[in-house]
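Common to both upcoming complexes is chain A, partnered first by chain B, then by chain C.
And then the complex of A and B:
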């Protein structure tokens, strides 16, 4: 097989030993790469029920099937997996930039890191050479300092570094792993898993070639794919970037505002993609092998946040803008910069700060708790300071560092009603009260509150369904979206190119041209279903039940107060209709457990004991 | 009759305007409006808004009439009324 190295690197931080294992074509075809490899490796390498911070919880890096090739917008994708400290279920996050291609060129498709080092270390993978390096001098350093210091001390500026910051060291539940300055494996708290292992970073340098099975045919197809990538399908990403969503969502009454108290924001214009481009964007750049060039680098040139720099996307802009009631993009950029430096997820952190602001306004926390900060909605300066306090666990930041679920359990006094999380993972930027197909996608998402595992808002916003109503047929729609995204996340293809692809058949063709392994569109579709079911089996094994497939109380009780979606919410009855329809479509029990027949149909018999009978 | 059109995202950049008022016939549909705008603003606009030879709204773009997406009305055949506000906006899609 081509492209795949067929190698798995196992590293034990407790003993300092490493070994290389291999996988064959059968494994590759069944699980593709990316999320398929990640979930399969996690379920096979993690003892059931261990705590996320137990040394036996493996931290797993994977590359996609086409990582390191010229497939557009897929050149350097990689994924990170572990049991999540936020959800105690599947932890899963993706990043891009240049790190992923470097790992494959070093000779590995999967890296499994277990154990706990006796003192801070970083893992240095230099082609076949694998070493644990002392990182005591790096502990406490920001992600950017860490990246630079590792490159300097190893004497190679082409080394790629995936690092944690103080957030990961302090076991903050939204800690992430940063690489290439602006790219993060952001969600589900995997930086904290690294921190719990005393693992500061994984540095990689690879010099091997990546071969493809049919270079001439692949080149021809890629010429067409690149042209499609530069066409109307990606105009939004190339011009305004994802922050274009701010005004669109505001117009549709679907922009989460002030901790989900509203679905429209009166200050939307001032935090829009249009305003950002005009006043703050200094550079637009892209990842390895990508013609889309979507990264909008924004810098603050004056005022109290002068000098702040960040890659600005819709989600963090929403989280630190409308969600915190802040209409000052300079403060938003500074907050994102702090998240990058301290190594905490900018989405989750913004949602946590918004939660803290509502607690403050309701008198559940006071200035005495916040270290003197007036943590009210709209106070950009306090928001920025609170980001730092969360990463460093200072004052109320120590409580908020547990995520909104953990923090609301500690704060109590009814705060759980407005703790916007699912399965312990903070909500993302879509007001699901008026996007009810999307709401189902959120409720059942394998990694907690998330739009990225299904993208089911498309049905709602194109009007193919009535977004304010539910029916049991939505389950089949979400299932199809999830299985499709499993393939995107296994290949790993950037979802910004989602509309350039001509279905499973074309992706299967690319897979075969790259790897040399025969694959049909139908086989690929079935593989997506296999991966979705394997993820569910993992989560069921770790304790997920139907009760976990839910929505925040505010979504289930409080109608949207104004705007296009005024009056809409998802009732308990509606949620049950959606869940029943989804489980039925999946061939699962009404408790959300895969049935034996489905497990066997998908070639997952090795996990039959986790599933239900029948 | 007079209607209002709002442009969001890349379309607003392309046209260098966020909204405008336009005179259309009293029996005009969304289909008529989009064809009229395409002839007014040319091929680049048409490629951003329409596909399938102009039969459908391009995947990635949404069209609403008074805040309601045309997929929940009569699609391209949706009839317009005087004073309607039509919005042409990019789909909100996350990813990466």
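And then the complex of A and C:
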């Protein structure tokens, strides 16, 4: 077995002990890497039902099957897993940059961190040497400061650091882990899990070789893949970047605006990818082994936010732009910068601030709660300040730090109607009321509201289905998308390259050339289904029922008020049609529980007791 | 010597993707490992990126520094040649190099530097693979020609702007 190190590092923060375990080819082939490894390791290492902040909840880092090679845009991907404090279900987030390759070169494919350190520490993996280092002096520091201080004190500028900021220390439900300055394992609050363990960071330096089974053949195929990466399939990411979506979605009436009170934004031009690139982007750089390079670094050169710097993507731009009614990109960039420094997810945080703004405008919270901030839609300065307050749990920020679900339960007074979340995880940037295949993808997504587990908006946006209507056939479409994305997230391939790949067969070929393990496209497809089902079994074990596969009340009740998608919403009845179709396609009961036959078919019999009888 | 070609980077174009490191280690060692690469990418946060490799110095300080006379410069193409029998990996040359372009082979414990992929018909692999065309095989002579042309173009432009203004 090539590329895989076959090694799992177990670290117990309570005792300070570590040990190395191994896995074999059978495990590798059945779960590939990335999300497959992450979910499998979580379900096997976490005692059922423990709280997300219980020391027994393991924080798991994994690399992908091809991490550490030069497969385009996949050189340094990694995933982080734990029970999520936001959903109390599967917590899952991915990052890239340079950290992932370093872990594999250090000699590990999986790191399982359990327990709770008696005082702040960071984990230092230096090839075979594993140490817990004192981090008292780092507690309270920003992610950037932490990264720099660790490199300086260990005396090696090539050390990669995945760190939490004050957000994670303060157990903010949207806290993330930041690495390489601009990359975050952002979603589902995994930074708070690290914070609950007194774990400030994981620092890695690896110098071992990554071998591949068939170097010459792989290089030949890579040549072709790299050429495709320079072609039309990735043009968007290489030029305007994902913020190009702002105008696309605005025109389709699918741009979440003012906490989903509208699906179009009158200020869209001023927060568009076009405007961003013309006025703010100073450099586009790349992750390890990427011929596409999409990292748009934006800087503010004048005005009240002068000096702010952030990597800008569509999702955070949506969240701090249209979603908060703000048409000032300088404020958006500053808000994202704060999210990075304080270590909180820029998508989730923007959605929370938007929720806070609606609460403020409806009089559910006042200036007394906000520490004097005029928290109205469109007030960029207040938005920026509120980001800081959420991370530091100041004033109403302490309530908002619980996420929109937790905050709406505390604020009450009907605010739950416009708490835009699914399974406790904040919505992302697609107005699902007018994208109904996508709405199903969101409803059933294993990590809560999310576009990245399925990408099913493509069916709606390209007109392959009627996006304003539903039918039971959508279930099969979403299932196919999810299983496919499971493979992307296991290999781990960058989804920005998803259209350069010629289906499962080509990915299977790459898998075999890299690892030396025989794999066919059909086997790979089945593996995607296996991983999807294992994730479902984990979530069912932790208490998920059909009721959890839902949509925010506003999506189910309030029609989109204007724009191209005017009048559209997803009714309860439509949601039920979608869910039934999806469960049927999956071979699950109408309660969303995998059936015995499906469990056995996928080789998951060890988990049969979680599934449905019969 | 001025005409000897070496691999040069245009920092503005470099995106720090490290593909050059990956192909170099594959070309030379048949594995992926930036630590083995003879071209190395440095990113200074937030966004300064550049790949550096041997610049084929005139009177190379690495050759001068070697206490065992293990290094010499090829008269034919200017690359630094390592006598593996003499090199003991002491690292004086690594320190002497102003560009950090010498690496230590982790197994053989001898130094390695760019040899312009001498055994490769298509020339240096890093230049071929750089998606940004940030790397070029060029010589000091050609670089200075380019600099002169650019300087003159700027002057002419400024003059024209002056006239039309």
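By definition in this document, the second predicted complex is superposed on the first by the 614 of 614 C-alpha atoms of A that agree within 3 Å, B and C clash if a C-alpha of one lies under 4 Å from a C-alpha of the other, contacts with A are read in each partner's own complex, and residues count from 1 in each chain.
Definition applied: a contact is a pair of C-beta atoms (placed from the backbone, for glycine too) under 8 Å apart; a residue touches a chain by one contact, two chains touch by 3 or more.
Treat the numbers as computed from the prediction; the structure is a model and nothing was measured.
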| item | value |
| --- | --- |
| Overlay on chain A: chain C relative to chain B, clash or fit | fit |
| Contacts of A:309 with chain B and chain C, given as first, second, both or neither | second |
| Partner chain in contact with A:458 - chain B first, chain C second, else both or neither | first |
| Angle, in degrees and to the nearest 10, that opens at chain A between the C-alpha centres of chain B and chain C | 80 |
| Contacts of A:239 with chain B and chain C, given as first, second, both or neither | first |
| Greater chain A contact set [chain C / chain B] | B |
| Partner chain in contact with A:433 - chain B first, chain C second, else both or neither | neither |
| Which of chain B and chain C A:495 touches, first, second, both or neither | first |
| Partner chain in contact with A:40 - chain B first, chain C second, else both or neither | neither |
| Smallest separation in angstrom, by C-alpha atoms, between chain B and chain C in the superposition | 15 |
| Interface residues, chain B side, partner chain A - complex | 6, 8-10, 12-13, 47-48, 58-60, 62, 64, 67-73, 87, 89-96 |
| Residues of chain C touching chain A in the complex | 15-19, 22-23, 26, 29-33, 35-36, 43, 45-47, 49, 106, 129, 131-132 |
| Sites on chain A touched by chain B in the complex | 94, 96, 231-233, 235-236, 239-240, 242, 244-245, 247-249, 251-254, 273-274, 294, 313-315, 428-430, 451-452, 455, 457-458, 461-464, 466, 494-496, 498-499, 564 |
| Touching residues (chain side chain A, partner chain C) in the complex | 68-70, 75, 98, 105, 144, 181-182, 207-212, 215, 219, 226, 229-230, 282-291, 293, 297, 309 |
